[in-house]
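First chain written, first letter: the chains are A, B, C and D, and each begins at residue 1.
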């Protein structure tokens, strides 16, 4: 939806704010009336993504306390837009220093400067900062609760790969409780440790790492998704690519599936306890753009963070000459461990949107 | 955009029709006035995707002659919606036979039946048929010309992998002319031959193959894409996942990039003939969701076609018992070779949409 | 919704075509699956607005036979977009004559020329022709049936004033059957005759007349309309002003109500057969933008048709000098009698849209 | 746009908050980067509508101090969403008293209760309160400045009628400076006095009055408005009907024009200082839904306020029995004098939206 700060069709999240401005916040419009909601529901998910909580992420301290300023009355949603705000506190840093003219490789600096002329709020990344994903979580925490309460849908994501270190086993539902037991959000304890070491190692070198988040959503009813252009895959991928650093999205067997024969990749139907299911789930729970009742599975590729403290060659936009640059300040050597609540939020928002569109969730609970 | 048959914000394509209905067609609204357009411009791209042209695709003969029925006057667009229709001719097949109750593995049958009850037009796949991608090409051919004429933007895609057979070299612009020189749309002659053999081999076995399409768009101005939720990546991926069988999308270094260090993946800036460019293009031409002037590169994973003639085990939806099924009739052993014009169309529509949003293309030429 | 050829949010009508182009038509997307529909349902309403049927309207003969080319299968809607076309037959008139440079007073010529440069299809009014309202009726006929079948909602409009001749009595439901018994669509026989005479008189003088249409919709459930900006009044008025020549819209007591005291204009509640109703209906069935269960009543003002055969002074856009002009050709001395089916169509589309949004009509019947 | 709290297509205002909640506020997305903006620009217009300023309106004291919490950097817009908040201070009134069960005639109580069940925030009117129009003014003040700075467009509205008391003369531009010289916002001093007296008189009787606002917008370029469904009239009327109490809208000669002959109502073209204009302006500056360069003129009918202190008969929703009711508390005997800044705001937002759509205002200034 234009102009770009909103996502969703029936359940619409509008994100506002800048990394070093007064506030960041979100308006969630279209949430059914009658959902019990509390700032604690939102805070809990926000805390899971907040920085400064451990060694591996940026040491900036952010209180990140969410405040609901509209749309909730007597502990329930009213059907009116729900507005949530976090007041930025830790942004005193030379806020008004002049715009850096040395282009940071991998950053949005350059296209943003060209697009918005000198008007872009560049402080701390402005609108392009990963910090803005907290606004997705504000709305997502509500959507996630809505899905749970109305349809029993659960969405969980976790770190399955950091750099070249990958989980050994396939994810299964029993692992859910292990996700938040370590700092990297990987449900395999041993792998999590190796991931942690590799991140600390990258930090030491002044370098950064990327990785992969996997997302699994269960109890999805059959029939969500509107062909042709509002398929579940279309809308989920659109949501995922709104997360900074995401460069790839695949469903089910994804890229690997494209190397298989049809006879290998097709999921065969069977009946279990009276319910039609498939024996495998290479489709990732989506056929023809519509949910088929199997878990929706997605893998999301994050590039290594652009901000590294190593010296890099670049160009000065003023002189249009080559020069070198060393990015200073606090930054995450790896953003992936902070991404699961963001992914969960956008998945929940998208699926709740479709559940409303298809009438599976009513406008008043 | 709701209800699902439309894509785009400022330049909107609405797709209509069913595989075995009277017609398929498209309405393109928001195209600037003054673009010279002719049915031949559209027909040429349609012919590149039409089936029945060679051994490897379905043998159904479709005339697929496009007719413009509104929006063009004296050979130019008028600013009014452009409606294009193809009349379905070859759909006599037992149109009214009863809905098959044996669920075809990998197909949209099952979720579509549940979603639409008995009302879904199941004939030949109905709305879910790959045939509907012709409606994307109708609009895409116009968008592609618009981009070429106004901004010099060129979008080209090609088959880079079929099953496990991959191109050997990186794509470069000189290969463009070779794409349509063979049936599989792979610019490497030798690889193309191997791909062809493997497809014929799969057909013989009653099986199917998937593959990967790569898309390269050049001459894109800096500044297309609206943060946060209407980023170029968000909107391009949304468009790609509206193509049946697509299960993965990545930009630039994509999934591979997530295994690299930041120091390896960052694209360093330099100056070439007075223009700021990057030495590598791991970003795929998009930073912070906004085009940075480098070629936009995307890889799109297609699963192997679901329709195979091998016997498969499945469930009968009526009896809710397991049974076996053999899918009959004509179908492609591999849809990938027909996909490049479809990918090009959706890329062109999305980029033209953003060029209009950002004011780089005017509403009247 | 951008770019302007579509209306509705959940039930979307896209209008295409030009007065003297190949065709006019409409795509209705979002109609629930399972509605029994037939071309006759649509044709009947189209016939009620078609020209050439009697003395008082233009003598152009239009077959105006609608053809459904997608979205209906075995006599029912499928949930897919429904496309309807009328092929223009009677448009041979010097189609390619050069654009008139003398501006026709009251016409869209001048702004359209400036907006679209030379590219506007000016033939017979092009996109601005009243003929395009047939595309509203195509979608409206389906929406009207949908409302009737699902919720028992009935929408009826009629001519209540032509020039200065007004109906004597208030409209009541018994009058519905009399609306289409005369050429002017006024349910009072005596008044209808006077209206007819005044129209014929205006025609003789080479002049034109305007008038007022009243619309009454009954059996509307309580609760349709989304505050603040998608109120029923907002969306109904938006729809009404898309009809050429409409210059005013009021609900309930409207402009007259603004002269009353609150104690006079407030509708007092009472109970009738266990149902809460109001004793009067000055609100026109809408409070706070939401339906209150009373009939929705609206009055729509049509200006006198701009095309008159009297000589008028004007400006030649080429020379930028004053000159005189005499508009030739066939045209209606009064368009009001043809408007009721158009008003009914847009009312039905808007109310059906809101019934879908609020969940009162399901996506599958 | 769904779900109802937003208006605009390219320039989108989202309104949030409740009359007696923590805050009311607005997010304006799509405003071009580079507009100089200050809280004072907004405060000035807010002060013009704020209550408690004189005898004739409600005596509730509201500070109504606006705070910009995102989207402005170094005194200029950045292209990011601009969020503005007013903190509600004066809402201590028995906030949690139980929902009144006696339906207030003319109020949204009844449909809101049915629509939202018990979840509606009924305190002080909640979302339906006239207080929410302050959120329109927040966005409108910015849009109005944008129009002034970029295209020289000026929009002004004023009270032309209160109850049966009407202005004597036609409005002309010289009157603009007189609008805010009196409490009723009527530029005719003598009429303003009579209006004031009649309002005070109504208050004494425990009654209320309605009236008419006229809006005049000058310097509008030719070519704004997108046929067919996004005409200027469609979008302006949609905006007007989002103001509580509005029950009628007309453009130019409006309802009166429908009684005229075409030869009387047509505006004849002439040339003045090299510019094509019309001698009269019965069209209200809009032909075929597109601006023709003449002033856009609109009349908006407001019903008398529903809250009156006279005893009224009504129904108790619990017992479903008739009863009587006396509405207590502070309320305006006439809301019309507070409406001009609201009308100006929505006119400015709508016209700025169309100026952006048609490319007459650029995304970066």
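The rule we apply is simple: a contact is a pair of C-beta atoms (placed from the backbone, for glycine too) under 8 Å apart; a residue touches a chain by one contact, two chains touch by 3 or more.
Which chain is which protein? Per UniProt: A, B, C, D = Chorismate synthase.
Here the structure is a predicted model, which is why all the values come from computation and not from measurement.
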- Query: Moving only between chains that touch, what is the shortest number of steps from chain B (Chorismate synthase) to chain C (Chorismate synthase)?
  - Reply: 1
- Which of A-B and A-D has more C-beta pairs touching across its chains: A-B
- Report the chain whose mean Cα position is at the greatest distance from that of chain D (Chorismate synthase). B
- Query: Just curious, how far off is chain C (Chorismate synthase) from chain A (Chorismate synthase) if you go by their C-alpha centres, in Å?
  - Reply: 46
- Distance from the CA centroid of chain A (Chorismate synthase) to that of chain B (Chorismate synthase), rounded to the nearest Å? 26
- Item | For chain A (Chorismate synthase) paired with chain D (Chorismate synthase), centre-to-centre distance based on mean C-alpha positions, whole Å | 39
- Task: Can you tell me which residues of chain C (Chorismate synthase) touch two or more of the remaining chains?
- Result: 1-6, 9-10, 15, 80, 115, 127, 357-358
- Item | chain D (Chorismate synthase)-touching residues of chain B (Chorismate synthase), taken from the complex the two chains share | 2, 80, 227, 357-359, 362-363
- Message: Looking at the complex, which residues from chain C (Chorismate synthase) come into contact with chain B (Chorismate synthase)?
- Response: 1-6, 9-12, 14-18, 21-25, 27, 29-30, 33-34, 68-71, 73-74, 76-81, 83, 85, 96, 115-117, 119-121, 123, 126-127, 364
- Listed in rising order, the residues of chain B (Chorismate synthase) that touch chain A (Chorismate synthase) in the complex are 1-7, 9-10, 15, 103, 105-108, 110-112, 114-115, 127-128, 132, 161, 163-164, 202, 207-212, 222-223, 225-231, 233-235, 237-242, 244, 246-255, 257-271, 274, 276, 278, 282-284, 287-293, 299, 301-308, 310, 312-315, 317, 320-322, 357-358
